[in-house]
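What follows is a set of structures for review.
Each of the next two complexes has subunit A plus one more chain, namely subunit B in the first and subunit C in the second.
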Partner chain A sequence: MPKRGHAPAAVVWYFLPAALVSFVVFLIPLVSVLWTSLERQTPGGGWEFVGLRNFLELPSDPLFLKALGNTTVFTLGSVVLHLLLGLVAALLLNEQIYGRRMFRVIALIPWMFSSVVVAGTWRWLLNSQFGPVNDTLRRLGLPSSIEWLGNVSLAMLSVIVANAWRGFPFVMVMCLAGLQAIPRVQYEAAAVDGAGAWHRFWFITLPNLRFVLTIAAILDVIWNFKYFDLVMIMTNGGPASSTEVVVTLVFRNAFEFFRVGYAAAQAVIVFLILAVFSGIYVRLLRV
Partner chain B sequence: MDTTQGKVWFLVWLHLLVLGLAAFSLFPFVWMITTSLKPLNEVFAFPIRWWPVRVTVESYVSVWGIQSFSRYFANSTIIGLSATLLSVTFAVLAGYGFSRFRFRGSRFLMILVLVTQMFPGIMLVIPYFSMASKVGLINTYELLIITYTSFALPFSIWMLKGFFDSLPRELDEAALIDGCSRFGALRRVLLPVALPGIAATTVFSFLLAWNEFLFALVLLTTPQMYTITLGIANNIGQMRVQWNDLMAASVIATIPTIILYGFLEKYLVSGLTAGAIKD
Partner chain C sequence: MRWARGIAAIIFLVVLAAPVARAAEPVHIRLMDFQLTVEPTLGGMKALIAEFEKEFPNIKVDQEPTSLGQVSVRYVTQARAGQPPDVVRAQDYWVGGWYQQGFLLNLDKYVKEAGGQKYLDNFYKAPMATGTYSGGVYGIPAWSTVTVLVYNKEIFKDAGVPMLDPVKPITWPQFLDIAKKVTDPAKGRWGYGLTGSSQASAVVRFLTWLFNNGTNVLTADYTKSVLDEPKAIESLTYWSELYTKYKVVPGGVTEVEADAARTLIAQERVAMIQSPVQALNEIIVKNPKVEPKLALAPMPTQLGKSYTPQFSTLWTISKASKQPDAAWKFVEFMSRKESQVNYQNITRMTPARRDALLSPEVQADITGKVAAGLADNIIPFPPIPQWSEITQIVGEQMQKPLVGAASPVDSFKEAARRVNALLKR
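And now, the complex of A and B:
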C-alpha cells in the first residue's frame, strides 16, 4: 500500500497520543490488577505472593456466591426487560401515529439522565410513605405501605425496574434503525399472500431484526454485568445483601474492608466472564 | 370480519399503547421537576400532593448558592470539556490513521481498542487508585481528565474510523497533489467533511465524563473537587434526604444533556446506529 505524503515511521504519530493514555489507563492497571490478585496484604502492611489462594477461596465464600447469583438475576432481568420494552416501543413508534416525532423524543427521555440521577429519582418514586407509586396503590385500595427498597424480596425487583426504565431507549433506537432497513417489498409480498399482522411480525420483522437484537443483547449483558452506579446508590447492596452484585462487593472489599488482593481476584473473575461475551461480540461483528 | 372496524380498533389500541409508553418514559422526569418546585412542607405532606400548591424555586437557589453545587457544576464542566477536547483530538488522529494506513497488526489493534470498552471499571479502579496515590494525583482535575479521555477513546476511534472510511480517498489524494502534507489534508479537507461524526463523538465524550460516577467516587475525596454526580450521590446518602433540593440538583445536572441532545439529536442517533450496526 503506497503511503504518499508520509514516511512509514511518521504514521506512528497518529496513534501515539491515543496509545499513550490508553496505556496508562487500561494496560498498566490491567497487568497490575492481575498481579495484585495473586497477592495478599500482610499485617505489617507489606505484600506477600500467595499464588492462586485468593481465587481458591472464592467457591467457598457464601457472600461472593450470593453476589454472583444476584448479578446474574440483575443482568438477565434487565436485559430481558430492555429487549422487550425496546422492541415494543420501536414497533409502536414505527407505525403511522399522530405526533410520531414527539413520541419518539419522549421515549428517549430516560436516556438523558446519569445513573446517579436515575437512582435518586427512583428512590424518591418508590419512597414508602411519600412516593407516587405507593400513593397510586393507596388510591386503588391496594396494599400501600410497601418498602420497595427495604424488603429483601422486593429490592432486586425494584432496582431491575428502575434499570429497565433507564436502558430500554438504547434497544429502541437500535430496533428503529433495524426496522427502517427492512425492504418494503417483503411486506408487500406478504400482503399479496394475505398474511396477517402476527404472521408479518413473526416471519418478516423478527427475522430481519435478529442481528440487531443479538448485538443489543450482548452489549447489554456486558454493560449490566459490570454496572455499579445504580445498585450502589439505590440500595448499597442491601437489605441483607439481597441486591449485592459482584462489582459492589469488589468495591466494599477493596475500599471498605481493605482486602485488596481478594477484591482484585473477584474483579478478575468479572473480567474473565466479560471476556467471553466480548469474544462473542467481536465474532459477530466480523471485524 | 369487517376490516374497517378492525382497523379502527387497531389504531385505538396503538395510540393507547403509545400513550402508556410515553407516560412510563415521562413520569419520573415530571415527578423530578414537580418535586424540585415544592417547598419542603409540601414534599412531606400527607396525603401526598402531586402538584405543588405553592410553586417555588427556593430549592434551586439553595442548591446552587448554599450547597456548593455551583462549585460541583464548575468542576464537572472543566473536567468534561478538557476530556472532550483531548479525546476528540486523539480519536480524530487515530481514527484517520486506522482508516488510511494499513500495517501489520492494525486489525488486531482495532479489536483491542474495541475490547477495552468491555473492561469492568471496578477492576481498573483498584490499581488505578494506588497508582494515582503514589504520584500524588488524587483530587486533581488532571487525573480525571486523563481517565475520561481514555474512556471515551474506544467508541470515538471506531466511530471516526467508520466516518473516514466513508469519505473517498480521492479527497486526500487531491489535497496531497495540491501540495498539502498528509496532516494538512486531514485538517483542511477531511475535518470539515467529517463534522457530523465529530459532533457525535463530542457529545458522547462530554456526557460520558459528565455522568461518570465510580472513578470520581474513588479518586476525589475532598468535597471541593467533587463533580456534580458525586455531589448528588453524597446528598442521597444523607440520613434525612431533602428531596426537593435533591431533585433540583438532578434537574440542574441534566440541563447540559438536554441542551446537547436538542442540539445534536439528528447526528447523535444516526451516528450511534451507524457505529453500532454494520453487516
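And now, the complex of A and C:
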C-alpha cells in the first residue's frame, strides 16, 4: 500500500511517455515562441533581445487591432451559427423519422472534408463571375451581380456562413448525445401536465443540454479563434483587410514580412486569450 | 592463422576501396522549384535537367516540386531548421528577405570564376539588381518577363477598333476609349479584366499604372513614400474609375487575381488584360480556341514609352548547402544562353539574358518582339527588406476605392502614412 499523497513508482512510469511527448510537442515550442516574442531579427539572420518592445508595438498597430476585431466577429458569428444549426439539426435527427441513420451520416459530411477543400469549394460557389450561387440567382431573375467575397460588408459574412456549414456537425453530434441522455420520464410527465412542444423544449430539453452546449461553445471558440485555412483560402484577408484575422496576420508577419519576433508576440496574445477559455473549459469539466 | 590473414587482407582492401567507391557515387543536389509543378514549365525543366545530368554525370538533381504559394513558407521553414534545399528558384521579391535572414550563399567566388562582371553583364540590369545585395551577388536571373496588354483581336474588330502596335504604346485616354467601345454588358463582355485582388501578383500589375504615369511607390533612395503625391493619386483614380465610374470592368473585381483575369480573357468575357508575356500559354490552355484571336501590345502609358515592373525569378543557393560547388554548376548551366533559349521555346518564359532574348529563335515567337522592346524599360523592385510589407499595404489601400471604402486621395494618403511609418520602424 503506497503512502497517502505518494503515487506508486509504476504510476510515474505509466505517465512518463505522455509527459515526454507533451514536453516535446507542447512545452518546447511554447517556451520557444515566448522567448522569440522577446527578440527581433537583425540583418544577416542574427537575433537581438528587445524585451517587451514587440508587445508594446501591438496596441498602436492598426492592422493588428483590426485583425483582433475581425477575429472576434468571425469567432462569435461562427460559434452562434454552429450552436443554432447544430441544435436544430440534432433536434430534427433525434425524431423517429424514416431514414434517420442516413440523414445523420449526410449531416456529418461537411465535417468530414478538410478545411482546404471546404474553403476552395465555397470560394468557387461564391465567385461573383463564375460561381453557381450568382448563376442560380440570375436564372431565377434575382439580382445576380453580388460580390460575396469582394464586398467589404459581405466578405466576412460569407466566410462565417461557409464556416457555419463546415462546423455545425460537431455541435450536432454533441447535442444528439445529450438529447439521448435526457430521461424519457421527464417528457412523459410534461405531456401528462399538458405541456406543448415549445414548453417541453424550453423547460426540459434546453436545461438538460445546457452543459453540453456550454462545452461545445467553449471548444468552438478555441478552435475558431485560431482558424486559419478558411480565411486564407477564401479571401486571403481581403478585400481591404476586411477579413484579416490574427492568425493570418501572424502568418504574414512570420513568413512574408520576416518579422518573426513580432509574429511571435501576436501568437502569444492569441495563446493568452485561448488560455482563458481553456481554463473555463477545464474548470467546467471538474464540476 | 592463414584464414585470419585472409580476412585482414579483405578488410584492408575494402577500406582502401571505400573512398574510390564513394568518389564514383554521384553527388545529389536538392532543387526546390515551383516550375516543376505544372506544364509547360515542368516539361521545360525536365528537359534542361536531363541535359545537365548528361553533361555532369556525377551530379544528380533531386527535384522538389513545390507550388508557387508554398515555396517561400517551405523554404523559410527548412532554412530555419538548417535543412534547406541546395538550389531554389526564387521570385525576385523574396530574395531580399532571404538575404536579410542570412539564408543565401554569397556567389561572388563563383561569379568571378565564371568571368566576373563580363558574366554578369549578360543579364538585363533589373533582374540582376534584385540578386545583388551590399555589393554581393546572391541570385542569378533565370527569366525576366515583362507585363503587356493581351487583347482579343476579334472583339476589337467587331467593335471597329484598329489593332494595336506591338511596340508603340497607346495613351491612357486611348485605352479608356477602346475599353468603352468594346464593353457590352448585354453580351456579358467588358473592356478590361482589372486585377483588383490584394495578392502580390495583382499589386505588381497595379505598379505598371504608377510607372506609366511617371511615379512609383517610393522615392529613388527608398526612404519615403510618394503615394500621396498627385501623380500616384491620379494613377489610382484612373485605375479604380475604370471599374467604379466607367464600368468597363466586370464585377467581383477584388476577387480577380492573375489567374482569374486569364480565365476572363480565355472565356472572351473581357477584351483586354494585363499579363506577363509568358502567361499567354496559360490563357491558351484554358481555351485553345482563343489562341488565334490573341495579340500583344505594350501597356498604355502617359509617357510615350511604356514601362513595366520587374517580374523575374532568380536561382539562389542556400548558405547551408553541403554541395555548393555542384549547386553552382547547376545554376551556371541554367543561366547559359542555350538553356534560356531552350526553356523559352518550351515555356515562353522570357530569357533574362540579352543574347538569349535577341536570338532569332526567341524573336520568332509572338512574345519575343514585344518583350525585347520593353526589356530595357523594366523598373526593379526596391531592394529593401520591407518591400513585402509595403506590397501588402499597397494591395490593401488600392482596393479601398474599388470597394467604396475610401476615395483614391484618402486611400493613398493613408498608404503613404503607413509606408513611411514602416520605413522609420
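Assume the second predicted complex is superposed on the first by the 261 of 287 C-alpha atoms of A that agree within 3 Å, B and C clash if a C-alpha of one lies under 4 Å from a C-alpha of the other, contacts with A are read in each partner's own complex, and residues count from 1 in each chain.
Keep in mind that, in the parts below, a residue touches a chain if its C-beta (ideal position, glycine included) is under 8 Å from a C-beta of that chain, and two chains touch if they have at least 3 such contacts.
Given the structure is predicted, the values throughout are model-derived calculations rather than measurements.
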{"item": "Joint occupancy of subunit A by subunit B and subunit C, clash or fit", "value": "clash"}
{"item": "Partner chain(s) touched by A:P29 [first = subunit B, second = subunit C, both, neither]", "value": "first"}
{"item": "Touching partner for A:M174 - first (subunit B), second (subunit C), both, neither", "value": "first"}
{"item": "Touching partner for A:F255 - first (subunit B), second (subunit C), both, neither", "value": "both"}
{"item": "Touching partner for A:I215 - first (subunit B), second (subunit C), both, neither", "value": "first"}
{"item": "Which superposed partner A:Q129 touches (first subunit B, second subunit C, both, neither)", "value": "both"}
{"item": "Subunit A residues touched - subunit C or subunit B, whichever exceeds", "value": "B"}
{"item": "Subunit B versus subunit C as contact partner of A:L93, first or second or both or neither", "value": "first"}
{"item": "Subunit B versus subunit C as contact partner of A:G44, first or second or both or neither", "value": "second"}
{"item": "Touched partner set for A:L149, first subunit B, second subunit C, both or neither", "value": "second"}
{"item": "Set intersection of subunit A contacts, subunit C complex versus subunit B complex", "value": "127, 129-130, 255"}
{"item": "Touch list for subunit A against partner subunit C, complex", "value": "41, 43-46, 127-130, 145, 147, 149-152, 236-241, 252, 255-259"}
{"item": "Complex contacts: residues of subunit A adjacent to subunit B", "value": "1, 3-6, 8, 10-11, 13-15, 17-19, 21-22, 24-26, 28-30, 32-33, 36, 88-89, 92-93, 95, 97-98, 103, 105-110, 112-125, 127, 129-132, 135, 138, 165, 169, 173-174, 177-178, 197, 211-212, 215, 219, 222, 225-226, 228-229, 232-233, 247, 250-251, 254-255, 260, 263-264, 267-268, 270-271, 274-275, 277-278, 281-282, 285-287"}
{"item": "Subunit B residues touching subunit A - in the complex, by the definition given at the top", "value": "10, 14-15, 17-18, 21-22, 24-29, 31-32, 35, 43-48, 50, 86, 89-91, 93-94, 96-97, 101-103, 107, 109-111, 113-116, 118-129, 131, 146-147, 149-151, 153, 157, 173, 176, 180-182, 185, 210-211, 213-214, 218, 229, 232-233, 235-236, 241, 243, 246-247, 250, 253-254, 257-258, 261, 265, 269, 272-273, 276-279"}
{"item": "Of subunit C, residues touching subunit A in the complex", "value": "72-73, 76, 97, 100-103, 196-199, 250-256, 260, 263-264, 269, 385-386, 388-389, 392, 395-397, 399-400, 402-405"}
